[in-house]
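Both complexes shown next keep chain A, but they swap its partner, so chain B is in the first and chain C is in the second.
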Partner chain A sequence: MNMEVIGKSVIRKEAQEKVTGRALYTHDYHSTRKLSGRVVLSPYAHARITSIDTSNARKVTGVRAILTGENIALTGESMRDRPPLATDKVRYHGEAVVLVVADTPAQGDLAASLINIQYELLPVVHTPTQAFQNNAPLVHERLGEYKKEKDVYPVPGTNIAHHVKIRKGNVEKGLAESSVTVEAEYSFSPSDHAAMETRSSIAEIRPDGTIKIMTSSQAPFMVKQLIASYFNEDLGKIVVDTPLVGGAYGGKAAVQLELLAYLGSKAVGGLPVEIFNEREQDIIMSPCHIGLDAKVKIGADPNGIIKAMKIQFLWDGGAYSDKLIDLTRAGAVDCTGPYKVENVWCDSYGMYTNHTYATPFRGFSHSELSFAIERTVDLLAKKLQIDPLELRYRNAIKPGHTTPTRVLLNQSNVGNLQECIEKLRKLIRWEEGQVKEINERLVRVKGISCSWKTSTIDPNAPSGVILTFNRDGSINLMSGVVEIGTGTKTVLAQILAEKMKMNVEKIHVRMKVDTQTTPEHWKTVASRGIYMAGRALLEAADDVIAQLKNIASIVLRAPTEDLEVANSRVFIKDNPRIGVDFKEICYGYQYPNGNSIGGQIIGRGNFILRHLTYLDPETGEGNPGPEWTVAAYGVEVEFDRRDLTYRLIRAASVIDIGIVLNEKAALGQVMGAMSMGLSFAGRETFYYDELGQVLNPQLRTYRPLRYGENPEYLVDFVYTPDLQAAYGARGVGEHGLLGMPGALGNALSLAANVSLHHLPLTPELIWKTKAGKV
Partner chain B sequence: MKLHTINLNINDQVRTVTVRTGDTLLYTIREKLGLTGAKPGCLNGDCGACTINVDGWPMKSCLMMAVEGQGKQIKTIEGLGNTLIQQAFVEHFAFQCGYCTPGFIMNCHSLILKKPDADDSTIKEWLESNICRCTSYIEIETAVKSALEKNKHHSN
Partner chain C sequence: MLSFDFDYYRPKTLQEAVGLFQNADRNGKKPMYISGATELLTLGRINLAFTEAAIDLKDIVEGNVMQFEQGYLVIGANLTLTKIEEANLFPLLTNTSSNIADHTARGKITLGGNICGQIFYREAVLPFLLADSQVVIVGPEGVTVKPLNEIFNEQLILKKGEFLIQVATDDRYIHAPFISIKRRQQWETGYPLITVAALKIDGEVRTAFSGLCPFPFRSKKMEAALNNHELSVKARIQSALAEVPSPILNDVEGSSEYRLFVLQNLLEDVLGAFD
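Presenting the complex of A and B:
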């Protein structure tokens, strides 16, 4: 296909805003009437609240209201287990307990510091493995009483919030028939998204009852639905605005501050109240990146062909189940990694612990499960003395195979993993060997991994697009996708420009989402922005083209079949000189005598995913997502055998992307995701003390990768179109990240000659593992 | 708390503003002067998103009190006009969400002014004070190096 606009590195539509400081994010919107909501956080991970004394705080000048948790509805996306402000007891360090609304942040902080809360400590659940034990303290004593969606399976009397079972084939038979088995356990603690824009929300209730919320969110439409549902508000009277979002990575898919801002505004007669997270609060109070304890057993024949996998995931969901339910399921449906496995047994448990509750993190359970699976695949390769790249190639998932939930894969719904592996082999010069000695201290070592991912979003998730014209023939594009940094809005403009064969500069995208006038896009998550909004957009473009041709056929006195659209013009196919410009017909065509026909052209399109199902509760059978993007990865480190430190030299990803829509934007997505993956793999985690307090809630102690610590990045693509997607494009926003923990873990395990089973992969971890201290 | 009415020279204009002793320069320029390009990413100097220029040098405005800004030449991202570094950031896709961008650009802008011949290690020393969570840093490296290069040609 010859493309004019698609594939080009079209400059982002919001580029000038962003390099001049004029781009506005939620906390940048000012009004002199905006009150400040400050939150008092729990210092303990698990404790009974015995008293709250707010009397001194109420005397502070500027204080308008002080709220505590009683009489507020329970919240939670799949199961209502979370009070917006803690009542009776606190379940994590950082949990919101009291909300102070004051004229200024300083007054609010002063008042907050004068609130006296007495706690009685309770035993802390530190890990999902501990939570899983029979005699573990309970995080939720009344688990059986919570209101929940029908496909949520909590086990009352335990800390199990949700359990997903995968039962495919006969795992015991498969293991018995295997000549080799490997088995290992893995664990890592929760960590953080650390978006540079901390979360913030502003709410006000207008005199006519309209609830206006502005929020830094990936899910403005969900904010609207949840506030209506939690607090019995009129859905149509809730309007949620989302301007540019300063990084999200899944962390802004959860709805939290919006609820506090709404409650705060309600307490002060509807005045606008802002909840702005300072960094420490963003890290410990707002939901975090999930932790995992995993057990993996793989059986294979002498050629390394995998016969069976038995897997247990204990997800560290923290104190509340909000998105844990979906994360538990997402981990289960792709539990084996991208390999053909006929016999699968997986128990994926969403566990309550006394940690900050978890929410999606770029990759949605996949980078996490991938670390466990890919380390075990390397153990299998080592045991069988088979090249780890070759072993993955032999077991790679292909059309004709089935997934753990028994979806039959075809040429369209799965990418070409073997081709990814082949390209990776060349990209990282695998034939030169995995290990290269530099000197007696230093050694350079390569590790590899593979991944796959489908999106497990709601089966009925919608996306809509509206197109309107300006009188000069240019087009306004409105989609509910939030611009979180991925450049989606610009790529949508490119898709429209390609489809209409017009100049992309003549397409104006609306950056801000407002739930009243922007058509709904379910949530900007799961690498599904272009996939869904792209299809809705193509339908809207077809609608516009049909309307343009209808008017033009009258003006040009030619049947619509003879007409073509390009360069903002409708013309006769075989005689392009006969035509009419968009600007002459997009608001109706006027004849010289004043008569007019047609009218304003408005295009509409929508998309809903097809044939998705809920999973069978006993076997997991069902269709969880539309397509599987596959990828292969390599990481090369320079390891110092004396002090066990290492330097990242090179990181590579080969992703089956279907088609590249915007080259530099796609490379940016992949390299940025790899950077985040290496940071997660190598350095990011929460450190807790014996009370369950987070010891590193600052960016100096929770330390993401910085400039100059990055390796060289190598990126290549494979192009297997997804026939259901606009121009065949597969999701790519998350995939660069998924394989980094596994590949880094495999490289360092080989380099240090020790099997590493935890994250982050620090020199200290390597030392402890060598010394048998983990 | 004591209030001070002070004059701040910001972006070549004198702005009169009343501040508390405890108001940081970041809080003051954002909340009192409407210059929201500098971002409150951490409020303790860890992330660099609030970087501005003070007398030409990069400064994290969350680490400076507003009253300390008197008598200084302060420049924020709003005071730059289509500089080489801004163009380079656009051209090389050196941002995604854009939140860290003003801080990075102000840091790079000072670097180009103060260290026009900066080598790799100097660039690293300067830019490691800022965090970008979206890009791989390679894009930012490409942008700053291309702007340094163009700047050399311009000044020659």
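Presenting the complex of A and C:
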């Protein structure tokens, strides 16, 4: 395919605003009447609330309302287990207990400090493994009574919020036939997304009953739906605006502050109320990056061909199930990693603990499960004395194989992992060896990993696009995809420019999403922005082209079949000089005597994924997502064998991307994701004390990777088109991240000569593991 | 955002500053001397710092000097770490202070603020502890000059209304061989797991630490152990480890056991550097 605009590094449409500091995010929108909602957070991880005294707080000047949790409906995306403000008991450190609405933040804070809440401490559930024990304290005593969607399987009387079973083949037989098995356990605590923009939401209920919400969200349409459903509001009266979002990474897919802002506004007669997260509140109150305890057993034949995998995931969902249900399922459907495995037994449990509740983290359970799987694959390679890259190559998933949920893969719905591995081999100069001695202390070591990912989104998730014209023939593009920093909207403009064969500068993208006038895009998650909106856009473009040709065929007195669209013109294919500009027809064509025909051209397109199904509750069989993007990774470290410290030297990703739509944007996504993955793998975690309090809820002590600590990033692509996608493009927003923890863990395990099973991979962890103290 | 209001003063002279402090104190305003104000702003917003009268020392000329006088290097307490780093008149100080916080913060954090701050690492004091520096203190009783090691015990012991305005260091120490190493939990960002600063003078190694205990310190006992040439390097380090004051920090940056492992290697590097 010879393409004009696709593949080019078109500069982001919002770039000028962002680099000049003029871009506005939710908290930047000021209104003089904006009231401030301040939240009193629980200092304890698990405690009964015995009393709340707000009498002194009510006397503070400027206080308009003080809300506590009674009589507020339970919320939760798949299961209604979460009071927006804690009632009866608190279940995590940082949980919202009281909401104060005041004229200014300072008044609100002062009032909040005067609220006296008495607690009675309860035993704390610290880990999902502890939560899974028979005698564990219960986080939810009334689990059986919660309203839930039909494919949610909680186990009342336990801390199991959801259980997904994968039963494929016969795992016991597979293990029995294996000549070698490896088995290991892994664990890591929850952590944060640390987006630059902390979350904020503003809600207002207008006198006519319209509920206006502005929010920093990946899911404005979900906000609308959930508020309507939780609080019995009229769906059409809820309008959600989302301006630019300053980083999200899954953290803004959950709906939380919107509910508090709505409740706050309702309590003050509909005046606008803002809930703005300070960094500490963003870290402990708002949902976090999930933790995991995993057990993995792999059986293989003497050649390393994997015969069976038996897996248990205990996801640390924290106090509420909100997105945990989806995360538990997503982890189950791709549980084996990108390998052909005939016999799979996986129990994926979404566990309640007394931690901040979980929400997706870029990669949606996949970087987490990959750490466990890829470390175990390396253990297998070590045991069999087979080159770990070769072992992965031999087992790589391919068309004709089936996934754990028994989806038959074909040339389109899975990428080419073996080609990724081959390219990685060259990229990281594997032939030079995995270990290179620098001196007595320093050694350079490479670790590798692979990943795959499908996007387990709702089977009926929609995406729509509307195109309108300006009178100069330029086009306005409206899609419900939120610009969360990925450049998606610019890429949509490129797709349209390519399709219409026109200058991308003549395409104007609406950055803000407004749920009343923007067609719905389900959620801006799961690397599905381009995938779904791209298809909707192509349909809208076809619609516009057909309309343009219809009117042009009258003006040009030629059949539509003879017409071509390019360069903002419709013309006769075999005689391009005979044609008409968009601007002459996009608002109707006017004859010299004034007669007019046609009219304003409006294009529409939509897309819905096909053939997705729910999973069978007993076997897990079902089609969870549209395609599997595959990738191979390498990380090279320089390790100090005395100090057990290390530097990141190189990190590499080879991703089967289908096609590159915008080169620099794609590279930026992959490198950014790798950086996040290394940060998660190497440093980011919450530290808790014995009461379950988060000890590092500040950027002083919670430290994402800084510029200068980063390795050199190497990125390469493989191009296996996905025939269902616009121009064959596969999702790429998350994939650079997925293999980083596994590859880093593999490199360091080899370098330190000790098997590492926890994150983050700090020098102290290595020291403790070597000393047998983990 | 700070949830409290405070009066802001910007005195031009030492006397004026002290007078403002005393006046505010009489009015119960819990006065605080500030210069870079990084702690007031960052700790104030989470209610770990509070004042109703901030007395900003920035404009006081004595606090902005950086010059050699009669064999001493005199450094004003109002100078930012960045300025000190750029001038680089005391290389050990540059090495140590250029690893404090981050580039942006060092443009605001002052020498006096780092030494007198609440955040207990106070790494900028380490070189001066090693160099037996003199500190110039201003207060209700006027200007006094004292040996740092006499009035520094975990922190600079100041009486109410006193502030640090200058630090003077004998030229001999400025040119002494030195080493400074900051080891963090991971990579190049964050508080010290342990920062060690060391110099060698008159054949003896001096060491000072931050991050090892919840206060910075220089230990004569540890130095005596490290300088005991009758013992092997290994044995010297072991006996120095036995003299580490307590408590050893045990926090999110690292466990106390691990800190001892790191310390052992750091001491090896320190002694190795002066061989």
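The rule is short, and it goes like this: the second predicted complex is superposed on the first by the 774 of 774 C-alpha atoms of A that agree within 3 Å, B and C clash if a C-alpha of one lies under 4 Å from a C-alpha of the other, contacts with A are read in each partner's own complex, and residues count from 1 in each chain.
One rule holds in what follows: a residue touches a chain if its C-beta (ideal position, glycine included) is under 8 Å from a C-beta of that chain, and two chains touch if they have at least 3 such contacts.
Note that the coordinates shown come from a computational prediction; the quantities given were computed from them, not determined experimentally.
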Partner contacting more residues of chain A (chain B vs chain C): B
Which superposed partner A:Glu14 touches (first chain B, second chain C, both, neither): first
Partner chain in contact with A:Asp109 - chain B first, chain C second, else both or neither: second
Which of chain B and chain C A:Arg700 touches, first, second, both or neither: both
First, second, both or neither for A:Ala176, with chain B first and chain C second: neither
Partner chain in contact with A:Ile554 - chain B first, chain C second, else both or neither: neither
Partner chain in contact with A:Trp767 - chain B first, chain C second, else both or neither: second
Touching partner for A:Gly487 - first (chain B), second (chain C), both, neither: first
Partner chain in contact with A:Gly708 - chain B first, chain C second, else both or neither: both
Doubly contacted residues of chain A, that is, touched by chain B and again by chain C: 106, 278, 698, 700, 705-706, 708-709
Chain A - residues contacting chain C, complex: 105-106, 109-110, 278, 280, 642-643, 645, 647, 682-683, 687, 695-696, 698, 700-701, 703, 705-706, 708-709, 760, 762-764, 767-768, 773
List of chain A residues in touch with chain B within their complex: 9, 11-12, 14-25, 27-28, 30, 106, 194-198, 244-249, 278-279, 484-487, 664-665, 667-669, 671-672, 674-676, 698-700, 704-710, 712-713
In the complex, chain C residues that touch chain A: 1, 3, 45-46, 102, 183, 185-191, 251-255, 257-258, 261-262, 265
List of chain B residues in touch with chain A within their complex: 1, 20, 22, 30-31, 34-44, 46-47, 49, 76-78, 80, 86, 89-93, 95-102, 105, 123-124, 127-128, 130-141
